[in-house]
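One chain, subunit A, links the two complexes that follow: it is found with subunit B in the first and with subunit C in the second.
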Partner chain A sequence: MSAVTLPQIATLGRRAVIRTARQPANVVFPLIFPMLLLAVNAGGLKAATNLPGFPTDSFLAFALAVPFVQGALLATINANVELARDIQTGFLNRLALTPVRGLVLLVGQLGGLLTIALVQAVFYLAVGLAFGVRLASGVGGAAMVLLLETVIALGFAALGSWAALRTGSTEAVQGLFPVFFVFLFLSSMNMPRNLIQADWFRWVATVNPVSYLIEAVRSLVIEGWNWETIGLGFAAAGGLSIVGFALATQALWRRLERT
Partner chain B sequence: MEPSYDNSIDAHGLVRKFKKGPLAVDGLDLHVDPGEIYGFLGPNGAGKSTTVHMLTTLLPPTAGTARVAGYDVVHEGPKVRKAIGAALQEAALDPFLTGREHMRLQTTMHGITGEERRRRSDELLARVGLTEAADRKVKGYSGGMKRRLDLALALVHGPRVLFLDEPTTGLDIQSRTALWEEVGRLAKREGVTVFLTTQYLEEADVLADRVGIIDHGRIVAEGTPEQLKAEIACSTVEAVPSDPAQRGAMAAVLERFGEPTTGFGPSSVAVQLTSTNGNLAEIVRALDAESVGVSQLQIHEPTLDDVFLAKTGRHLEGAGDDKGAQAERATA
Partner chain C sequence: MNESSSRVRDAVSVAKGVSWRVLHTFFTNPAFLLPSVAFPLFFFTAFVGGLSRIREVPGFNFPTGYTAFQFVFVLLQSAAFAGVFTGFGIARDFESGFMRRLMLAASNRSGILLGYAVSALVRWLTVAAVVTLVALLARMEIGGDGVDLFGLYVLALLLNLAGTLWATGVAMRLRTQQAAPVMQMPVFLILFFAPVYVPLNLLQGWIHGVASVNPITALLEAGRGFIAGEPQLTLAAFAIVVGLIAGFSLWAVRGLRRAEAAG
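Coming up: the complex of A and B.
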């Protein structure tokens, strides 16, 4: 990495953060929406904790993992809509006309997005703690949650960047939102997989990588240090990140036809 | 390899064909000397922007070769990008960043950091008259301010060759003139080679040392504005009859002096004089002899639009304004 590469990545990341921070809708919605959904679920599905084998007596603690995934999704959609807009307005061409390397453009964009996702994760964690959730894994577990959130956000962000770079269309990136949310709802977000009664739903939740992301965060909140679950969560997030990054890099290569 | 200090642009047989699309640039040859302002004039869709994209390395040519600042645009893209600055057709700015934040981003992408970055940013913002607005978000800038910031951004690394793709489109005359002055200063005082695309005849006429007229991806005429106009060497006479019923009679008289031409007012009759065939006094006498009353008579000196018309059989879009500006009025 050359002496100019790191400042370039930092400056591009800084731009992504500033741009988001200056659009209140892009700040407030990803913070408030997951919290509202959490409040509704924690109130409405509290009775689920009475099911035999339910892993905790607090549905709030059980469901707290979900905002981390939702937040990463929302941050990804917003940031990649901006990336698609950069393509439409020619801002990407402005950057492509400088000596900056293509990979630096992608890493800078993703870096800014990870920063935003991390700030959101700290907020979700603080809200959970404020409402009485205690992490079974302690302070170290909180740090692990943030680390896991970083990898989760990277996976979604890279996939979103691929869509933005491949299509150059803000509408196409926005169209990913419901697709991601289908994956979220078809996961173990509201019920442990072993307690899902419908066979097809349990099967879908088992093959759905989003289940493993939620379960890894959840295990740190309600269970403690379950390395197998944590490992599966990192593996799922890491897998998404690798696939997403490879696709995004290829799409960037095609998008920047520069010689 | 030795660094290049050549500021010229050279293209030979440059071709760009888009998939399932037309031949946007069709065997283009051009040479721009160091320190020269080259005006690339043509209507929408003529191939101007595609040419700029190829010369600035954003788009690989389908065929042909080009060297910019001494470097091959296909094989030495990074070196070309270090040597050039470009303000492309749309002033692609981030509405949520300030002018100063744009400067910071652009300088850093060019590897300029620290005190040098601040010094250059301040200097360029002052030069384009944006010091006071530097800390305001770009979404509050006027079109002229955005263009000036765009120019400042293109200059952060001290480029030797500057590409400006329709830099004054949509600007008011004041902003346009200010930008022309700055571009002229860059070429004359700093020796920067400027490749300027434009749809505005006046812009090419005022600013460019030489003009290339492009149509359907090919250069149809090239030379200094004076040389090109001298090739046409004939003025256009436009007259308006006092009585609209005499329009036909007026046309018959005027056609003795030249070929009918279009692009003027609906009540006007216009002919392009054929060489030295006739002058204003003769035309007035002929109209008088046929008892055709004249409410207005104008002679238009040849313009670059006439050159375009002569070469392609069509007028350039927006040519009317420029004709008006250059008209020599004589009221009979």
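Coming up: the complex of A and C.
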């Protein structure tokens, strides 16, 4: 990275963050909605902790992992809708006429989004701690959760950027939300995989990469340092990031070609 | 008498036009039809598939199993949200300018409300048919007889009307698609602060208190009683939903008057 590139990335990243911050709905909703869902699920499914083999007595601790994935998803949708809007309004075309290199556009966008995702993650951790959740992995585990959240957000962000660059349409990016939502619900978000009774659902949750993201964060909260689970989570998030980044880069070159 | 029957005829005529337009758009546009059908099916699949082990929780003794238990929630949820989605359509019509032209042309503007309500009902009946078919294919057990099931679907139908009137009132007042969260979030919250995953007696903590006073709890319990063949809270549930309809009717009509006054 040259001395010119880093300030460009910083400028575009700052723009992404400020643009989000200026729209209260884009700030408040990703913070509040996952917490609401957590409250509903933690309260409504507390009885599930009585099942033999359930890994913890606290469904709140069990379910705390879900907002991290949900929050990353919501931040991705919001930020990439703005990227699509930049394409629709011609801002990207004008930016392409400047000395800014193509990849810097993508990295700046992703950098801004990661900042937002980290702020959200700190908020979720704080709420969890305030309501009595204690991380089995301690302070180090909290740091690991934030690192994992960064990689998770990067994965979703890259996929969202691919959709925005490929289609240039805000509606298409918003249409990703139900798709990601489906992946979230068809995972081990509400029940450990070994306790899912329906064979087909357990199979779907097993092949669903979102399950591994949730389970990695969850293990840091309720288990401690289960390196296998944590490793699988990083592998899933890393895999999503690599695939997403490759797709987004290709879409970016095509988009700039059309300019 | 002639004037009132003429007004009724005008309202019906307007309602026919409005509902035909909405339903034509709904059935011919996959972007509207597919999410309306897919989301209830998806929730049904995710809850039944992912949480069926809940039936082994000590104290869970719903007679017809977890599939039927969740089916009732999904049916009522789809009914409420079909109403909310109709509100989205009304907001969209305001933004496009269509609603202003419709208000100019309509001989009786109350027919506009009636038309949207009828279209919401038909939309929901379509979704309900699909969800019911899938539930039956999933071998859902039904303990109730024909009368019980009729009661269940009527309850859901009335909830659909209540949801439509709520969303219509919001859409008429705010007249923008940005009002979507205002229409959707209260409905979402009131549905999910009810015994969604387990019966009321298995809820613990603050959510038990909230669910105990949540009017939707009575509807859920009554609906689950119907499907199990053990009706309970029937009178309370119907009284609540009729009360919601009465209140939201006023809300919707006053919203219409505000929209008229705004021009």
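The working rule: the second predicted complex is superposed on the first by the 257 of 259 C-alpha atoms of A that agree within 3 Å, B and C clash if a C-alpha of one lies under 4 Å from a C-alpha of the other, contacts with A are read in each partner's own complex, and residues count from 1 in each chain.
What we mean here is this: contacts are C-beta pairs under 8 Å (C-beta built on N, C-alpha and C of every residue); 3 or more make two chains touch, one makes a residue touch a chain.
Quick caveat: nothing in here was measured; it's all calculated off a predicted structure.
Participant: I'd like to know which partner A:T206 touches here: subunit B for first, subunit C for second, both or neither.
Facilitator: Neither subunit B nor subunit C is touched by A:T206.
Participant: Tell me which partner A:V4 touches in the superposition: subunit B (first), subunit C (second), both or neither.
Facilitator: first
Participant: Using the superposition on chain A described above, determine whether A:Q250 touches subunit B (first), subunit C (second), both, or neither.
Facilitator: neither
Participant: Is A:A96 in contact with subunit B, with subunit C, with both, or with neither (first, second, both, neither)?
Facilitator: In the superposition, A:A96 contacts subunit B only.
Participant: Check whether A:N190 is in contact with subunit B, with subunit C, with both or with neither, and answer first, second, both or neither.
Facilitator: In the superposition, A:N190 touches subunit C alone.
Participant: Once the structures are superposed on A, label A:R15 by its partner contacts, choosing first (subunit B), second (subunit C), both or neither.
Facilitator: Touch status of A:R15: first partner only.
Participant: I'd like to know which partner A:Q23 touches here: subunit B for first, subunit C for second, both or neither.
Facilitator: A:Q23: touches subunit B, not subunit C.
Participant: Where on subunit C is subunit A touching in the complex?
Facilitator: Interface residues on subunit C, with respect to subunit A: 35, 38-39, 42-43, 45-46, 48-54, 56-60, 181, 189, 192-193, 195-198, 202-208.
Participant: Spell out the part of subunit B that touches subunit A in their complex, as residue ranges.
Facilitator: The touching residues are 56-60, 73-75, 77-78, 80-82, 84, 86, 88-90, 92-94, 96-97, 101, 104-106, 108-111, 113, 137, 153.
Participant: Can you check the complex and tell me which residues of subunit A touch subunit B?
Facilitator: For this pair, the touching residues of subunit A are 4, 7-8, 11-12, 15, 18-19, 22-23, 86, 89-91, 93-100, 257-259.
Participant: Give every residue of subunit A touching subunit C within the complex, in rising order.
Facilitator: 25, 29, 36-37, 39-41, 43-48, 50-51, 178, 182, 185-186, 189-191, 195-198, 200-201, 204-205
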